[in-house]
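These are the structures in question, set out in turn.
One chain, chain A, links the two complexes that follow: it is found with chain B in the first and with chain C in the second.
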Partner chain A sequence: MRRALALAALAAVPLAVLGVFFVLPVLGMVSEGFWTDGRFDPAAVLEVLGRPRVHRVVWFTVWSASAGTALSLLLGVPAAHLLHRRRFPGRRVLRAVLLVPFVLPTVVVGVAFRELIGEAGPLGFLGLDGSAAAIVAGLVFFNVAVVIRAVGAAWESLDPRPAEAAAALGASPAHVFRTVTLPMLRPAIMSAASVVFLFCATAFGVVLTLGGLRYSSVETEIYLLTTNLLDLQAAAALSIVQLVAITSLLVVTSRLRAVPDPTLARSTARPPRVSRADWPGLLATGLVVVLVGLPVAALVAGSLQVGDGYGLANYRALDTVGSRSALLVPVTDALVTSLRTAVDATWMSLSLGLLVAVVVTRRSRSRTERRARGLLDGLFMLPLGVSAVTLGFGFLITLDRPPVDFRDSLLLVPIAQALVALPLVVRTLAPVLGGVDDRQRQAAASLGAGPLRAFLTVDLPAMWKPLLAAAGFAFAVSLGEFGATSFLAREDHPTLPIVIYHLIGHPGAMNYGMALAASVVLAGTTALVMLLVERLRVPSVGSF
Partner chain B sequence: MLTLAHLTVEYDGAPAVVDASLALEDGHVLAVLGPSGSGKSTLLRAVAGLEPAAAGSISWDGHDLAGVPTHRRGFALMFQDGQLFGHLTVARNVGYALRLRRTPNAAARVRELLALVGLEGYEDRLPATLSGGERQRVALARSLAVQPRLLLLDEPLSALDAGLRERLATDLRDILRAAGTTALMVTHDQDEAFTVADRLAVMRDGRIVQQGDIAEVWRAPADPETALFLGYARVLSGPRAGALLRAAGLREAPAVAVRRSALVVADRGPLSGTVVSGRVTPELIRLVVDVDGIGELDAVARLDTHPGAGDRVALVVDASRLAVTPAGH
Partner chain C sequence: MRRIWAVAPALLVSGSLALAGCSTIGEDGGGSDGASSPDRVVLVTHDSFSLPKPLQRKFEEQSGYDLVVRGSGDAGILTNKLVLTKDDPLGDVAFGVDNTFASRALDAGVFAPYDASLPAGADQYRLAGDDDHELTPIDNASVCVNVDDTWFASHDLAPPKTLDDLADPRYRDLFVTPGAATSSPGMAFLLTTVAAYGEDGWQDYWSRLMANGTRLVDGWSQAYEVDFTQGGGKGDRPIVLSYDSSPAFTVADGTSTTSALLDTCFRQVEYAGVLAGAANPQGAEALVDFLLTPEVQAALPDSMYVFPVDASVPLPKEWASFAKQPTDPYAVDPADISAHRDEWLREWSDVTSR
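Coming up: the complex of A and B.
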């Protein structure tokens, strides 16, 4: 009983926050679809789902996400092997650099890809602009980092002895990989695949900036229906489809997620040098570097282009509102807003995430308790799957009347961003807390330490680095968040991604140049944060 | 004084400890001996307050401990692998509980404790730089720091290698005696229990099957299974038991537990038999002998004798290595 109360007390704050700022908005959005003029009317939802355009949108979402996932795995798994199981100079730097794309703002990536493959771009002759291939490439750009990270971490801690035993029994390297290594990696690969699929299926910024009018995913379609066509019912119907699909996917994911076993024999053997036999890893890593490097290079080059020459004019223009007053505030103001918002979002998601991580990793005494913790774990992963657009739109329609009137509150944006970052924070902290031997806490308790003191003695020393890493992660995610923010940011207080999106939409070479320069600034800031995080060497960062 | 009355502990509805009753007087060391999976660790965890009791009670000096959390029980728990705090030095580990209670002069007490466990001068070392035995000594010092009213030891020596285990078991007994500590130890190792404890409780399948003074339990196992677990090699019953007891000059009983060294090859003796096999050990020769009228039994012979398979030998019985037990089921 006492334990149940303690569990409830710890979970109360995150649950309340999740209830008001996540469940309520999402339910508001869902009910928008089912109720017409106060009447329960499910027929409207069915009507929307019968539209041919909706079919096209759903089909595009499924196949582009599948293609993105498959390609991410194809490139990511061999690259993970090279980067985590082989030794070569510059390995750590390369690993850090390849983690950056994951937190790059989606808008920035969209801009970078357009700069690369657009009509005037260096790869313009390929005619990829506005094509589905470009969208899939954009999805892979983001998610290959997730695969490398998750699979690499698992691979690194894999006990090499079974593979050695198989080799000693006469198995060739290929045979060892197929019969021993791959089965052991399967949980990590499956969970990476499902998370990547999730990210691909809910990608917003990339599809919006690269897809133009020809291609639309469920996520962008919700956005267009709400903001351009004002067809709220259709938007709600699509949200429901997305919610159901993604919740089921999350349930599957949580089943697949390998439970880290602290008693597992961890190998810290020095990885061997790169040899010729590593050609698949070398090839994949090379392709990933090209895929990640080219758009970024094109972006930087474009931002420095002024007329026919090169210069810093685009950067100098960042303290203006653009040509023909494209913006309400200068870009530099938006940067300050972005940083302030990110600070708020970081402390919010960090304190919530810490509570959640503690709640879900404490040892359970009964099956009911274990179930309750498992359920909470899944619940706090939901923001990972529910589209940021749905969340942002839900905020708009539910939090605008008493008792929860936050419409004008400047905290609305950071709260939404904190919720978007929450699953990542929890996934960074929970494995570390779960890896702490519970008997350490018991030893502290038997020496007379209360729960708080035991936490300070046992958990905190193991946690401060992951906490810092999670903070950096949340900060970077908040800086780049576009989906929810695009609904919630006030016109006079836009964040940097919003400003960039506005600048692309306004005609004028000057505005476009400024968008590129602002993108470079934003990318540079998030990359810097991520590189600092990587220096902390927390294994669970970015693995789900 | 620790009292367990009809204690039952369950994991997800499956009982791990069933109806266990125990009493441990102040100043005594009780070993709970049982094979793995017998529920002995669960019993210890329940006493520590880490598992709730499904039924029955645990009390100290007559006060029921239900609802008293681990950190308020004043029972120190020492784990099989020490569970030292890796980021704290030896001195800070040992002084951990002292700092919690803001004990004045903690540094002197830490030095005293380290001297007690034979680790003078180890104050500034980190746990990772210690050997397994040293770590267990530090863990013991840490547990003893605030003079707990009860020390709980969970297989304290099992993680160590054989030679070290023997030495440390003697040290542990001496340290516990010197500190006058009341202790409850769970172990699966008979030698460890015999060396450290003065009271013994035997657990099997979640139940306490026998308890009492350690020598008494050894002398009179409650049933054949307990006898076998306590290190007796075989349990004879019926006419075979009668024949052996007669040869030993004891009164007849329905069953008797026999240690491996109960029969000794001699020039002449009350029993005779044919050697089935032999094995030389550093101290003596261990034989299996087909004893006339009884059947196969273990026996020992001095190193300077050379009985081979098929040889006829005479045997005497060492009555102190037999234990009369109630008949098996």
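Coming up: the complex of A and C.
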């Protein structure tokens, strides 16, 4: 009984936050669709599910997200091996740079991609523009780094001796990988795959921009139905499809993840140098570098273009409000707003994430307790899978009266961003906490330490570095967040991605150049934050 | 044990960072007490709203109210927000609902009547069917097909002039436009074709357009900045859907390299209106009047890329020389747009993805 109470007490704060800022708004928006003219009318919503267009949209979402996830794994797993299990100069910088796409605004990435693969671009001969292949490439561009970090972190701490033993007994490298390494990596691969699938299935800008409007996903459809047509019944139907699909995905992956955590057997062996046998890793890393590097290079080149020559004018203009005062605040002010918002989002998601991680990793004594903890774990992943516009409109219609009148509050933006970063924070902290031997806590308790003291002396020393690392991750997510932020940010306090969007949406060569320059600054800031995180060298950063 | 104390500095640092203003907490000031305040005016608008700070201050001095601006999303999102929150409005006054979404807001009863006195020439922009004067026209901009004159000169080809020309094989693979479902100018272009070819004829025109190699993209930035030959990315399409004001932004050596085809235009008018149930209706009316003053009207081209409704205010130099407005743009009755938007978009998606 006391355990149940303690569990409830620890979970109370994160649950309350999730309830107010996620469950309430989403329910509010979905119920708008179910109640027409004050009458409960579920039949109309169900009718929507029968439309052929909805079937097409759901089918496209499933296969494009599956293809994006599969390809991210195919490239990411070998690259993770090279970048985390082999030693070569510059690998830390490379790992930090590969995370940059994660925070770039899609509108800018769309421009960079299409300048490359458009008919006039250097890769135009491939005929990729407006194709499903381009969408999948875009999805991989954004998500391959997630696989590299998640799987790499797990791989880094794998004990190499079983694989070495198998090799000494005559197994071929492929055989060793299949029978020894892969089973040990499976939990990490599965959780990376589930997060990447969620990101792919809810991708918005990539589908529209790179697909040339020929494709719609559940996410783009909800956006169109909500913002343009105000067809809330259809939007509610699709939101429910989203929620059901995500919940079942989480159930499946939590089953597949449920194996002893490989990070328990930590290895501190210095990784060997790159050898010829590493060709799969070299090949995959090369492809990833090309895939990520080309659009980023196009972006940098574009930002340096001034008239017909090159120069830094676009960067110098960043502390102005644009050539015709197109902005309310200079880009530099927006950067400051972004950084300050990120500080708030970081401490919010860290405090919540820490509580959630503690709750979900404590050893369960009964099956019900384990179920409850597993349920909580999944619950906090949900914000990744629900459309930002559903959440944004939901905020407006539900958080409008005391005690929760937040519509005007500056804190709404960091709170929304914290919810987005929360799953990543939990996935960074939980493996470390789960890896702490429970007997140490019991020993502390038997020596007279209270639960808080035991946490401070046993858990905290093991996790202060992961905490800082999760902080870096949350910081970067907040810097790049656009969907929810664009809905909630106040006109006089725009964040950097919002200003970039504003600049690129209006005519004038200077606006275009400034938008690209501002994106490079955003990318640079992110890479810097990630590099600092790398300096901490925590094995589980990004280990979902 | 010792390592715990290693955390303390980190906590201290982050705590003092927050205190030193590296956080947004404490910034809220007067902003957290909702809309119900008689000494301030809350303006609800879209993310393209941008009025220079000195003008905002001027309004505050003249009216005695504090101005709070809440802007996000596009005109469609703004309209839907207003509709969804009409029982508990987000503010006192709204700016940015345009003639393609206005009927939806009027039907939902979002606005309260206010008959502002319009400046010279603004009467023609009034919304058809708005008999109670709930909406006041503030600015307008026409969505027109633009051409790159330098490209056509160097290719010895006469630039197109009409909508029919765009489907002419001579201009094959030269046109790029944002789609109607994802872009506000894209929707305006669909309405142009509905007005030009009739409710039963536009589908056939779009089939011909697509058969002639028209490229569809998701938004204006993609079409203009990436695909258009005069955009930032130096694309390969010399015909693009943009605005009548766009030629003012491609001026080089005293002449514009692009021009708008004035026979292909649809006019978008943006309105302001007092919200029904506003906490400060007097303040809201004062703001509507303020938006019609010559100073604000004159600032519109530079800050929001639109033409003023006041015919007497001077335009910026490039605009006066190169941004020509259509005299007789295409128009569709706002009530028709509201009634058929869903159906037209569905048919349009079918025709263009065939």
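Everything that follows uses one rule, which is that the second predicted complex is superposed on the first by the 393 of 544 C-alpha atoms of A that agree within 3 Å, B and C clash if a C-alpha of one lies under 4 Å from a C-alpha of the other, contacts with A are read in each partner's own complex, and residues count from 1 in each chain.
As a working rule, a contact is a pair of C-beta atoms (placed from the backbone, for glycine too) under 8 Å apart; a residue touches a chain by one contact, two chains touch by 3 or more.
Note that the coordinates shown come from a computational prediction; the quantities given were computed from them, not determined experimentally.
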What is the contact status of A:D400 with respect to chain B (first) and chain C (second): first, second, both, or neither? second
Mind working out whether A:L411 is in touch with chain B, chain C, both or neither, as first, second, both or neither? second
Is A:P507 touching the first partner chain B, the second partner chain C, both, or neither of them? second
May I ask you to decide whether A:S446 touches chain B, chain C, both, or neither, giving the answer as first, second, both or neither? first
Chain touching more of chain A, residue-wise (chain B, chain C): C
Contacts for A:A454 in the overlay, against chain B (first) and chain C (second): which applies, first, second, both or neither? first
First, second, both or neither for A:T227, with chain B first and chain C second: second
Identify the partner contact of A:P183: answer first if only chain B is touched, second if only chain C is, both if each is, neither if none is. neither
Contact-wise, after the overlay, does A:P280 reach chain B, chain C, both or neither (first, second, both, neither)? neither
Going by the contact rule set out at the top, does A:G293 touch chain B (first), chain C (second), both, or neither? neither
Do chain B and chain C touch any of the same residues on chain A, and if so, which? 457, 461
Using the touch rule from the top, collect the residues of chain B that touch chain A in their complex. 12, 48-52, 67, 69-77, 79, 83, 85, 87, 96-97, 100-101, 142-143, 145-146, 152
Interface with chain A, chain C side, in the complex: residues 1, 3-4, 6-7, 10, 14, 17-18, 21-25, 27-28, 31-35, 45, 47-50, 52-53, 68-74, 76-77, 79-81, 83-85, 88, 90, 104, 179, 181-182, 187, 215-222, 224-227, 231-236, 242-243, 245-246, 249, 302-303, 305, 341-342, 345, 352-353
The residues of chain A that touch chain C in their complex are 32, 107, 110-111, 114-115, 118-120, 130, 205, 208-209, 212-214, 220, 224, 226-231, 302, 324-328, 337, 339-341, 343-344, 347, 389, 393, 396-397, 400-401, 405, 407-411, 413-414, 456-457, 460-461, 464, 468, 486-493, 498, 501-502, 504-509, 512-513, 516
Seen from chain A, its contact residues with chain B in the complex are 2, 365-367, 437, 439-440, 442-451, 453-454, 457-458, 461
